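What follows is a pair of complexes built around chain A, which joins chain B in one and chain C in the other.
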Partner chain A sequence: MKTKSRAKQLYWKPSYVDLDAMYPPLASAGIHFDDWDAWDDPFNISYRQYIDVQAKKELGFHPVRDAFERYNGDQHVPARWYDGMKLAFPFLQTAEVAAGRAHARTARYAPAPALRAAAFYQSIDEMRHFQNHIYEMRTYNQADSGFDNWASWRDNHFSMGPARYIYEDLMNCDNIFESIIALNICVEVVFTNLIFVGIPSVGALNGDTAMAQEMLTTQSDETRHMAIGQSTLRTLLRDDRNVEQLQYWLDKWFWLQHRAVAGPVGLIPDYFAKRKYIPYQQMYQRYVIDNFIAGMVDDLAEFGLKQPRFLEDAKAELPDYSHTLYRTLFQYKNVLFNKMFVPDEHDMEFFTEGYPTFEANHGKFWDEVRAGDPKDLSQLPMLCQMCGMPCVFPVPERANVQCSMYENNAYWFCSNGCKYIFDHEPYRYAHRVTMERTLNGLDVPEIREKMGLAPGLGGLLTADKDI
Partner chain B sequence: MARKTFVWLSGRKRPPSEYEELSTGIQWSGLPVSETITGQWREDSTLLSTDWNAFRDPAGMYYRNYVVGQDAVEKQLDAVYALASDADFISGLDPTWRESLTVLIGTMSFAQWGMSMAMQHVMRFTLSPTVACAVQLQIMDKLRAAERSVEWYELLNPDYQPDSLFRAWDEIECIQPLHRYIEEVLVEADWGEVIVAINLVLAGLLEPFLRELYIKGGRAQGDFTTAALGTHLAKDATRQVAWTDAFLAQCAADDANAKVISAWVDRYLPLAAAAIDAVVEAYPLDGIGPRAAAVARTECRARLEKVNVTLTDHVAAALAVEGDLS
Partner chain C sequence: MAEADVEALLIYGRAPGSENPPLLMNPPPDWTVKFFTKLGQRNLNVKLAPPVIAVRASDGTVLDPEMTLAEIGMLPYEMIEFRSAG
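Moving on to the complex of A and B:
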C-alpha cells in the first residue's frame, strides 16, 4: 500500500468567489500566523492508510464485545457498575457527537489546508466513537433494561445538563482555534487518558471487558488527535500576539472539562466500581497532572504559556470531588435515571485509606444515612449558570457559591472558575435557563414526568443485587 | 429471546437494524445553550421538517460496515493500480486517450475534493442526525475519489510537475464552469441547498458522466485501470444517490419544501449541465464524451422526477437529449 495523502495538492485558492467568503475570517479572528498554506500536519495520512488502520481496529474490538454478550459476560459485572455506566455513556455519546460536528467545521473552515485535511479524519473518528459507545449501551441494555432510553435522559435530565452545556458550546465556538484548544487540548490531551485508559483498568477489574476494550480502542484514535492539538498549540504560541488569547482558552476549557468531565468520571473508580483500583484522586494526579501539566504545559512555558489559571482550585477539591458529587446525587436518587446505593464497609475502608479528610468531611452524612435518614431532597439543587453542575463544591457544608450581575440579573456559579468565564463572556452564557429554575416548585412525581423517567428508574439498588 | 432495543425503536413488527440502533437518537434537541454566531445553526436551512430523526439511509451504512467494506475494495484497487504500474501497462495506452485522461482525471480530483469540502458544511449544520451520518461517510467516499484520481493521474503522467494539477484546474478553459460551480456552492450557507446543488444536481450529472466515460471509454480503449476506477467510484456514488433521493423525497412530501427544492434545481441545473458540456466539447473522445453526457442527462431527469422536482422550462431544456441512446 503506497498511497500517500494528497490533501495539500488538492487545495486551491478560489478564483470565482472571495477568499474571505470561502474561509470566513470569523473562524480564525484574532489569531496570527504568517502563512497558513505552510502549516504542517504531523500525520498527513491518506484515505487508504486511514481505512487500512481503522478496519484492523474494528476487527479487533467487535469480536471482544460480541463474545462478552454471547457468553454472558454481564453475569460477572456487579450491578452497581451498570448504574455508573448509565451516567457515563450518554454523557460520552453527547461529547463525541459534538466533537464530530466541531471537527467538521474545522475541516471546512480552518484557514490552513493541512488543518482542514487532518480534521476530516478526526471528524469521522468521532462517528466511530459515538457509535461504539452506542454499541456498549446496546450490549448493556440486554442485561439491564435501564439503558433503553438514554437519548431522552440526555435531552431532559438535569444530570446530563453539563454534557450539553459544555459540548454544544464547544461545537458552536465561532473561532475554530478555540474549538481546537477546547477539544484537541483540553478534552483529548488533558482528560482522555483518564477516561479511556484509567477507567478501562477499573472496568476490567469489574468484569466489563467489552467496555475496557471499547475505551482503549477509542483512545488509539485520540492519540492522533492529541498530537494535532499539541502541534497546533505549539505553532500558534510562536507568535507572541497569540499567547494571551490561547491562555484564556486554555484556562477556560481546562476548568470546564475539569468540572463537567472530571466530576462524573470520579464516581466510577470511587463508587460504581465494587472492585477498586486506586482512589480517583491518584488517577487524576497520574493522568492529568503528571501527563498534561508536567508533560506538556511546563514544556511550553518557554513560549509564555502558564499553567491553567484554576489548576490549583482543581487540585484543592480533589480530596472531596467524587464524594461531594455522589452525596449530592444520592439526595436526588428519586429523580435520577440510575440507581444509587449506600457505600458498604469495603467502600468506607477504601475512602478512609485513600482520602485522609473523608471521615471529617463526609463520614457524618453516611452515618446518618445508616441510622435511617434517607437524606432525600424534593427540590433540585441550585445549578451553576456556567457548567450546569450543582453548586455544592468543594463540600456542601462549605460550598463556594459565586455570583455575578449582568444586565440587572444575578447569575450563580459553583466555583471561581465558572464565574471567571462568565465575567469574560456574559453575552454568550447569560440566556441559559438552568433546569432547577424550570422545575422549581414541582414535586417528585412531577419532576420525574418532566424529565421523562419511566417507573422503576432511579432510587436505591435493592439488597438482593450484588451491589 | 428477542434482543431488547431502545425505546424510540421499539414496538414495531420488524426489529430495528444495527444501522438504526447506531444512527438514531444521537442528536439532541432544545434551545441552543450559548449565543455565538456559529451557534445560530438551527435556522440555517430553508428545508423544514417536523421529524429530522425519521430519515433512514437506504444503504444502512455505519462506521463499522463502511470501514471494513471499504478496506476490502481498496485492496482491490491497490491490486489494479499495482498491475498497471508494474506491468508497464500505461505505456501501451493510446496517446490521445492517455493525454485526455491525464487532464480529465487530474482535474476531476479537484471536483471530488470540492464536493467533499462542501459536504463538511452539511455534516456540521444539518439538523438530521441520520443525514449527518450518511454525509460523514460520503465525505470519506469523495476523499477516496479525489485521492485515487490523483494517484492515477500521477501514474499516467510520471513526469508531472508539482503545480501541474493546480494549473490544469485553474487555467484549462473547459474546466472553468465546473470550477466556478463548485466554488459558488462552497460559499452557500444553507445546508439543504448544498445537498441539492452537490448531490442532486452536480453529482446527478457528473457521476453518471464519469461512470460512462471511465467504464465504457476504458473498455473501448483496453484501459482496465480507468474502467476499474470508474466501477469503484460508481459503486460509492450509488450509495450517495440512494440516500440523497430518499432524503429529498421525504422533504418534498411537504409542498413548501418541494417548491424550495425545485427552485434550487432551477438555479443550479443549467449551470451544471453547461459545465459538463464544456468538458465534452473539449474532450469528445471519439464520441464517448457526448454519449456519456446524454446518459447523464437522462439519468438526472429520472432522478428529479423520482423526487418530485417540478421541471421548469429551462431545466427541461438543459436536460434535453437528442437522438436515441439505445
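Moving on to the complex of A and C:
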C-alpha cells in the first residue's frame, strides 16, 4: 500500500541537483504560493487512461472525414467557405503549435508537480489538434487549391502576423503562470467555445461536416484545459499579493485574444458562410460575454478580480469588427493567398438586419465597389506594433490610432488596449518590425513574390463557382 | 511617392475620414510640407476639401506648409495627418 501510494505521487525530490536548478524560480517569479506540492489537479489521470480516452476521440473524427472525402462532401460546400478556411487554419495552426510548446515548458518548469503533469497532457492534446488540422487541410486541398502551402502562409504571410505576434509571445513568456492565464483562461475559457462550438455549427450549415467534427473533437479536450486555468487562477487568487499581477495578465491577454481571435473568427459566420447562422456579434455575446464574464469573472470578484480592463472597448467595436476587417482584406485581395468576394444581396440583407449601423458605416464602401471601384491599395496598411492588426478599428473612417514614444521612436497601435500593454512592457515589444515596414516600397507583384504567392491565388472569386 | 532609398524619410500619412488606412510613405527630406500634403493625399487616394492642413499626429502640432520635412524634424515612423480646415 505504501509503495502504491508513493508511486502515485507526482513529485520526487531530486538528489543530484538543487531544486532551484531543476525548477528555476524565474519561471514563477512574483507569484506567491506556500506549498507547490499541495497543488491539486482536478483530473489527475494516468497516462494509460489518457491514451485510451484520446484514442476513442480519434475514432470519432477520422471516419467522418473519410466519409466526407469518399462521398464528395465538398460538392455541398460553397466556394467562399474554402477561402475562409484558408485564413482560419494556418491561423489555428499557429495557436495550436504555440499552445503545445507553451505547455511543454510548463510541464518542464512549473513548480507544482500536479501542474506539470496536467500541462504534459495538454501539450500532447495540442499536438493532436494541429495534426488533425493538417488532416482537415489535406481534405480541403482536394477541393480547392492553396491549402498545400499553409505552413508558408503561417510563417511568412502578413495576414498571419497577428497570430505569430501573439502566440509566439505567449509561448515565450518568462513566467509560466502568465502563459497559463493567457492560454488556459484567455484562450480556452474565453474563446474556445466560440471557435470550436459556435463555428462548427456554421460549418455544418454550409455542408462542411468534416470540419464540424474536427472542431468538436478538439473542443472535447478543452474542458480539461479550462480546468487547469480555472484551478490555477482560483488557487493563486487566495494570496492577495498575486491579485495585481493576475489582473494585469487577464487585462492584457483578454484584449490580445479578442484582437487575434475575434477578428478572424468573425469573418467566418458573417462573410465566408454563405448559409448564415446568427450574426457574429450575437455569437460573441453568447459564448464570450454570457459564458465567460457572467460565468466566471463575476464569481471571482470576491477575490478582488475585476472584469478585463478593455471588455467595454471589445463590446463597443463588435457591431463593426468583422465588417471593418473584411473591407480591409478586400482592399488587399491581390496580395492574399485566399480569394475575396463582393457580398451579395443576401449577405447585405443579413448585415442590415443583424447590424443596425452596417448601412451607415459600411454601405457606401460596397455601393462604390458595385459601381466598379476595386478599392485596391498597393501598399500594406499601418500595422499595430502590439497585435499586428491593421490600424483601422473600429471603422477605417474613424480609426482609433494611438501612439507611444519610447527611446526616441514612435510606435503605433490599433487600440487603447494595445497601447496600454506596450506602455507597461515597452522593452518587451519595441523590437518588433511590422511587415508594412519590411515590405515598404514594393509594388503588388513584388509583394506577391515575397509572400510566395503562386499565380491564381488571391484576387476575387469568379462567378463560375457557387460563391 | 518616391522610391524607398537611404535618402528618403519614413513617415506615415493618414487622412481621418478616409476609408483608407494610414500608409507608410517615403518622401525626400527636401519636400515642403505643402508639397507632401498634395502628394500624400494622392497616395492615400483621397481628395480633401481645401484648405488642407498637415498635423503631426503624435502631438497635434499644425505644421508650417512652407517648411521642409527635414526642417520640421520628423522622427522615423512618425505620422502626418491631412485634414480639411474648411
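Note that the second predicted complex is superposed on the first by the 458 of 467 C-alpha atoms of A that agree within 3 Å, B and C clash if a C-alpha of one lies under 4 Å from a C-alpha of the other, contacts with A are read in each partner's own complex, and residues count from 1 in each chain.
FYI, a residue touches a chain if its C-beta (ideal position, glycine included) is under 8 Å from a C-beta of that chain, and two chains touch if they have at least 3 such contacts.
This structure is a prediction, so every number in the text was calculated from the model and none was measured.
With the C-alpha superposition on chain A as described, chain C and chain B fit side by side in the combined arrangement. By the document's definition of touching, of the two partners only chain C reaches A:401; chain B does not.
When both complexes are overlaid on chain A, the residue A:377 reaches chain C alone and has no touch with chain B. Looking at the shared chain after the overlay, A:257 reaches neither chain B nor chain C.
Looking at the shared chain after the overlay, A:328 reaches chain C, while chain B stays out of its contact range. Our angle of interest has its tip at the CA centre of chain A and reaches the CA centres of chain B and chain C; in the overlay it is 130°, to the nearest 10. When the shared chain is aligned, chain B comes close enough to touch A:165, but chain C does not. For chain A, the partner with contacts to more residues, out of chain B and chain C, is B. Within the superposed three-chain model, A:154 lies in touch with chain B and out of touch with chain C [touch as defined at top]. Across the superposed structures, the minimum distance from chain B to chain C, using CA atoms, reads 19 Å.
Residues of chain A that touch chain B in their complex: 1, 3, 5-6, 9-10, 12, 14-17, 21-22, 26, 46-48, 51-52, 54-55, 58-59, 62, 93-94, 97, 100-102, 104-105, 107-108, 116, 120, 123-124, 127-128, 130-132, 134-135, 138, 141-142, 145, 148-152, 154-155, 164-165, 168-169, 172-174, 427-432. Taken together, the chain B residues at the contact with chain A in this complex read 3-8, 10, 21-23, 25-30, 32-39, 41, 62-64, 67-68, 70-71, 74, 78, 109-110, 113, 116-117, 120-121, 123-124, 129, 132-133, 136-137, 139-140, 143-144, 146-148, 150-151, 162, 165-166, 169-170, 179-180, 183-184, 186-187. For chain A in complex with chain C, the residues that touch the partner chain are 327-328, 331, 365, 375, 377, 379-382, 390-392, 396-399, 401, 403, 405, 408-412, 436-437, 440-441.
Here chain C touches chain A in the complex through residues 3-4, 10, 12, 14, 16-24, 26, 43, 45, 57-58, 75-79, going by the rule given at the top.
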